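The structures considered in this document are given below.
In the two complexes that follow, subunit A is the common piece, with subunit B as its partner first and subunit C second.
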Partner chain A sequence: MMFSNKIMTSALAGLLVTTAPGLALAAGVPTEEGVLIATKVAERCKDTLDTAALAAAVEKGTAIALAAEEYDSGFGDTESEMHMTLYNRHGESATRDLRQRALEMEGLDVGDKSMVIFDRPRDVAGTAMLTFSKVLEADDQWMYMPAIKRVKRISSKNKSGPFMGSEFAFEDFSGQEFGKYAYRFLREEACPGAEDLMCAVVERYPLYENSGYVKQIGWSDDMHRNYRTEFYNRRCDLLKILTASDFRQYLDHYWRAHKLRMENQLTGKATDLTWDTFKFGVGLSESDFNQNSLKRAR
Partner chain B sequence: MSNWVSNYVMTLFRFRWLALLGVLLVTAAAVYGATNLQFKADYRIFFGPENPQLQAHDALERKYTKADSIIFVVQPQEGTVFNREVLEAVAWLSEESWYMPRALRVDSLSTYQHTRAEEDDLTVEALAQYPEDMTAADIAYLREVALSEPFLAGKAVSLDERTTAVATTFQMPDVAGDTVMSVAKKAREIQAEAREKYPSLRIELTGTLMLNNSFSEVALGDFTTLFPLMLVLLVVTVTWLLRSAWAALATLIVVLLSAVVGYGIAGWLGFFLSAPTSNCFVIILTVAVADSIHLLITFFKQLGEGKSKREAMAESMRVNMQPVFLTSFTTGIGFFSLNFADAPPLQHLGNISGIGAIAAYFYSVVLLPILIDFLPIKGGNVAHKDKIVLGRIVEFVIGNGRRIIISTFVVLGITTSFLPQIIVNDKFVEFFSKDIDFRNASDFAIENLTGIYIVEFSLGSGESGGIADPSYLQHLQDFEDWIADYPPYAETGGGIQHVNSFNFVMRRLNKSMNGDDPSFYRIPEDRDLAAQYLLLYEMSLPEGQDLNNQLNVDKSSTRVTVTLGDVSSDYMRTFSEAGEQWLIDNKPEAMVSKGSGVPIMFSFLTERNVLGMIQGTGIAFILISLTLMLALRSVRMGMISLIPNFLPPVVVFGVWSMLYGEIGLYAAFVTSTALGLIVDFTVHFLSKYLRARRERGLGPEDGIRYAMDNVGSALWVSAAVLIAGFAALTLSDFLINSLMGVLTSMIITVALVFDFLFLPALLLAFDKEKR
Partner chain C sequence: MVMKWLRTLLVGPALLAGWVVSTAAAEMETQLEGNIELETRIFTNAMNNDGRDDPNLSGSIDPIFTMLFNRGQHTVTLNPYFRWDLNDDKRTHFDIRQASWIGAFGNWEFRFGIDKVFWGVTESAHLVDIINQDDGVEDIDGEDKLGQPLVSASYWSNYGTVTLVLMPYFRERTFAGVDGRPTSPLRVDTSRPIFSKGNNNWNPDWAIRYQHAFGMFDVAASYFKGFSRTPGLVPDLDTQGAPVLRPSYSIINQVGVEIQATIGAWLFKFEGITNDGRHKDRHYAFASGVEYTFYQAFGTAADIGVIAEYLHDSRGPNGPSASEDDLFIGLRWEGNDTSTTRILVGAIFDMDSSSKVLFVEASRRIGERWRITLDGRFFVGVPPNDPLFFFRRDDFLQLRLARFF
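Right after this comes the complex of A and B.
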């Protein structure tokens, strides 16, 4: 599970599939297929579509996503601490504390590996979840439960439900691979929340059939910082809006938002995700991301 | 004596254009308010903001998710639901349901997330999402799971395996507007398509959103059928009565304007439209016509005696100004007393109708004379054939006064003896006639599987995350056991149909996490374990299947949902109170919860409104009595006049309990509104009687003869119009309106009999000694 705030730098562009130099994973979804997908979604959602410019829009959207993907590649590994605060629309709230470790993987069809360790609430402290992200199929996931000292594999195709009761769905975190979507450039406009900057607005279509969304729309600036993402559910209604803020740059290159807010437009509930620390290059390796390490992850 | 009236009428005729313009301007200004009116299709409107049951219900919905629902109920012609065709229909309906606007979750055999252990894997998957791929063995497995899983058995599938349901939960916006109608419309489309696709299946549609939608359906239906019917009735009656189509036209204009002004001012006052208020049109038309009739009958009488139109009108106004004012005023009091009701739509009904009645007075004394002046009216010919019958009645009363009084009290005794048996029925499904789809579908659902009579308890653990604590889960299980043992409703054998508790999830998870060993189908033994199982489980659920509808945001409390079958509203209420009491007696304070939910709100509806309306009716009664004493300038006459007005509602409720044995919301307000109407008969009769006694020095017997001769026809004619008008409401598909119509027309009928028989007998008995 990629609990990464990459979602901001690349909510529109998958970051996580490695860009081995020279390898044009670049391809992504071929333009003709992108056109087809965009047309289908537009039909279903009754969106207006400039058919004449569609191929160009798909190409441009894909290019932007790919650029973001390439920009963020090479981060290696990260470790971060965060709080998740859940609100219902009447102001009741609950907090969860988590840590996350992520490892960038080499190879075209290999997704990143990540681990989430739960610290609070106390009754789940020490529970840890390991995710091997996949591009077009269900991610591999395991969870270690300290109460029984056992690792269980989570076998579920459809993870569009809420993550820890929050407004984030599992796939909102894990679904950042460039190859998971087809893209279409919509327009340029001032960035939401940073009006002095210009953002590219790109629509993207999940390719995974069990995705909970029909499309997403993202706003990202030329530093590939993603300020806002709109999630449209399968009936084409705007279900959730993700807003990112407090961007900080690491290693003079990688931008990470330190605050994410996901607002459910249907229920009025919201979830805040804030990062306390963010470390790059902590020296994690693949041996830190297997079932044995899961048991030791405290 | 009414010199000012003559002056007024002359001035009115002189400045008739100016007056007309004034009337038009005032009318336009009032009617413009109607643009503010919005129809509210929501059961919530029946409950004022202070209503404790509404507050409990809202608090629960705030804590969890909202619970507006649409339920498809599916039954094959024969055999079980565990066959491919039914399952395909269920899968199709589940998928389509998900596409309804604002759907939050869909529960059915097809969406149910089954948990299963496979070595060290926890597999969470839907068993019947793709029925076309299911083998006979898969279907048999599904059947086994469905019938043993308490979440499904009795809710998603009936225990006799004959019926299954697809239930969708919605998050409606706070200001629902026309969202309800658009969702309901979509649901109906899905239903129609499903029926076409699966012609051998019976597919019905119920749920609280369909309930809401039915409010607008009945209102629209009433408006499009009752309103035109009432117009025709009115035109025919008035034309026949006055033998003049022009007079009927003038009357029609007066009553129509009264009605639209009633709604217009309602708009200015910030009211909204609802099923009960949709019939104010018919009510205003009915009560407003009396003013014009009284004025026009005298007018034509004068015209027949050779007076000019203006003279005839001036004379009619002189004679009728006071009684017409008085009767409109008392009618208004009757309606305005509805402000004591708890339910806002009843208050609105009272205010709109009351405003209409008052407006009718002003139109009758300002606009009607001008209209009559403009219209090419010739001398009509008012029928007098009834004089003979009325005469006989008078002689009968004079001859049998004592016997009439005695028999009245005998009738009263018999009918009131039935009163104690009456029970209150607040089951909202039965608010709708069997011509409404929602009623039939809901009856079918309740009978075969599940209903929309849902009672919920929110049980707190007292601490964040405390719902995973085994002691909490044990308390929860104790409560489930108590519910399961709750006795059924004796009359129908219906009772608790289904219980859903978070405990089911925990027990099932415990079993799956232990290699599906049935002996582990129990509460996990420690909190960390339960919390971690839950975390794992929650990670595995698809959209629309999460636990947010059962758990609050910090996992400190859960909701227990109880579905009730065919039971009385009293049973619902008793059950909910017993549940709360049991929690108080047996469980920690944090777990104590009021039962809440739509049927609970409704089960208190009549009582709350009756309590308010006892006050309201009392005050109306006192005000009307004072008005009568003042108008008749006699305390004694005022007192006598109360008896024939007080008794008819009592007799009618007695007869009602004898015939039907149950009452509902309508019972709360018919007494006061009917009182405002029937008192008019007494006013007219007594004022003529007193005139005979005081001005002409006649004795009681001759006084009665004089009164009957002068107002007898007008009385029964206006009574006939009122009875017909309220009887028309009987055709409404909304029970509150139709039974209000039945009861009111019954009361008016009885009151007319009382005024013709009992009142004169009373006068003979008590007005004898003097003079």
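Right after this comes the complex of A and C.
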């Protein structure tokens, strides 16, 4: 998992989903298939491609992504409080407060469980979303509407739609698993925003057919911290740039960015996502992730 | 009588709260949320009995006070509700929507007090939903509920969730008064209800439900025994000799089934009930349909959902249900914008007559704390044997402005 674990994975679950790498998926997409996908995308986007070194680049990109996925596995459970600020192109802002709980599930074919609870704006306070992420199928997702005390199973197909009116798409939080992408190593260069560090620049291609992106390019250092991600829409335009900062380490191991900024290059809108608290090992279990606990979530 | 159960049900959670405070005082968190709302309704026709067509003005306050102990293991909630209405003294009313303790112990969950429980999957009818009584003065669409005194236990496992609910005290439906709208031409005399058993509200109603998600299928089955939440309306004379309708409640046995399949952008839904209502005349009813969502429709951020549901009731067009052979078509637009703008337009067509109900619901947030909502409902071509005939002149537009805190 490359851009994800450090940055987004850390983020919203329900939306966000990290899946422990299963053995079957650990190898990811076979190199030949990765080469094919990379070639197809390069043709579509009219990118230049070093065909002689392509297989090696795919292998190296995949290895970097897998190392990141493995480094971030075993986090157990987390609970965090987030604050979102949405800016329109005139600089006017709107705010969102939300909390997230996530439980890492063990097993090859089992995705993580997570819950997101909205606190602000106040008219949606108490609305909560429960997600059972799946590795290869669509996630299972339920929404709780507090005014009528109703739990509703909802479609999780809406990957590329905006999350709460922000510049983040649902898929920016979910679908970060290693197995959901093919990869290609591009180059090494100074990390954006941390020029004294070296970053691997890796391009990745969503395997999910309904993804809103044709490719993403990410910059990550040898601690698997992702400083920057570029998202290209299906017309190959640079749609959004994500910048991560304020990295903090937990349990002497897991790095989490505490500030993310997503800037839409086409509309000039931006969203800041900051974490007020981030707790590991809070003692969550499966009984905290069902419809009963969804209705209780405050 | 009312005071008695109020006292019982308020003192209970208070005592529990005290106990919880003493055991888990170290970790307590309090939250206050809710809204205060102003509402105006404009009716497009004069009223049946006195030709009045004044716009109505009303206001409500709906605060929810929550105490969480030990990271949400214990939750104590108090949600009083008050509405003031300019024209209808019946609609001016107070209710305790929730006054409950909820305890979570591993796979078990217990609830005690006044609470609200929703069951069901379809949008146009809530047949299976039976725990709470309709707060009929709020609106006639059955979406607003009175708080229900209950004790419940629920057990969750990987094979499903089983919930048992005991309801010692029955809440009667509220009806608009003579000056209220929408209303029936005859006053519903809620002071003289008819009970098929016991002649009072104390009856051990109970229900049990099993619910589970099998992959793409969400399934639930339930059984309820107790007073029917839907009253019969019996013509009678009041103490002054004026004709009135008296609500009549009988004990029913109801079995309910809910199924939803979620496949890509499709939702397939079914909910059905069978019960032996009044005079043991067993009947059944169901609502079933589909919902399909076009995400980011026409290249915008908005989603457009199309809903189609068929409603059936075995008692037919002369029965008490307005949805005995009806088709509901709805179109939902979700802006996914910063103001969370949404619009739902829909129509319910009676397949056996010219009767139609058209409605619109639209809302958006203003700033961070306000929400404005526009609702409209129009009855078209309702024949005299349709239960909606009562409301045929009660077409209205309603504007609501709420401030959330």
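The rule we apply is simple: the second predicted complex is superposed on the first by the 271 of 298 C-alpha atoms of A that agree within 3 Å, B and C clash if a C-alpha of one lies under 4 Å from a C-alpha of the other, contacts with A are read in each partner's own complex, and residues count from 1 in each chain.
Note that a residue touches a chain if its C-beta (ideal position, glycine included) is under 8 Å from a C-beta of that chain, and two chains touch if they have at least 3 such contacts.
As the structure is a prediction and not an experimental result, all values here were calculated from the model.
After superposition on subunit A, the partners subunit B and subunit C are seen to clash.
By the document's definition of touching, of the two partners only subunit B reaches A:266; subunit C does not. Of the two partner chains placed by superposition, subunit B and subunit C are both touched by A:88.
Using the contact criterion defined above for the overlaid structures, shared-chain residue A:233 touches subunit B, although it does not reach subunit C.
In the superposition on chain A, contact is made by A:155 with both subunit B and subunit C.
In the superposed model, more residues of subunit A are touched by B than by the other of subunit B and subunit C. Of the two partner chains placed by superposition, subunit B and subunit C are both touched by A:124.
Shared-chain residue A:290: touches subunit C; no touch with subunit B.
Of the two partner chains, subunit C is the only one touched by A:140; subunit B is not. The superposed model places subunit C right into subunit B at 542-550; the other stretches listed in 542-550, 596-604, 722-730 or 758-766 stay free of clashes. On subunit A, the patch touched by subunit B and the patch touched by subunit C overlap at residues 86, 88, 94, 121-124, 148, 150-155, 157-158, 160-162, 164-165, 212.
On subunit A, the positions that touch subunit C within their shared complex are 86, 88, 94-95, 120-126, 138, 140, 148-155, 157-158, 160-162, 164-165, 212, 286-287, 290-293, 296-298. Listing the residues of subunit C that touch subunit A in their complex gives 31, 33, 35, 66, 68, 72, 75, 102, 104, 106-107, 109, 116-118, 120-121, 143, 145, 154, 156, 158, 161, 211, 213, 218, 260, 262, 264-267, 293, 295-296, 301, 303, 336-340, 365, 368-369, 371, 402, 404-405. Contacts from subunit A toward subunit B in the complex involve residues 86-90, 92-94, 118, 121-124, 127, 129, 141, 143, 145-148, 150-165, 169-170, 210, 212, 233-235, 237, 266-267, 269. Residues of subunit B touching subunit A in their complex: 62-63, 65, 98-104, 118, 120-125, 171, 464-465, 468, 513, 526-533, 535-536, 538-548, 551-555.
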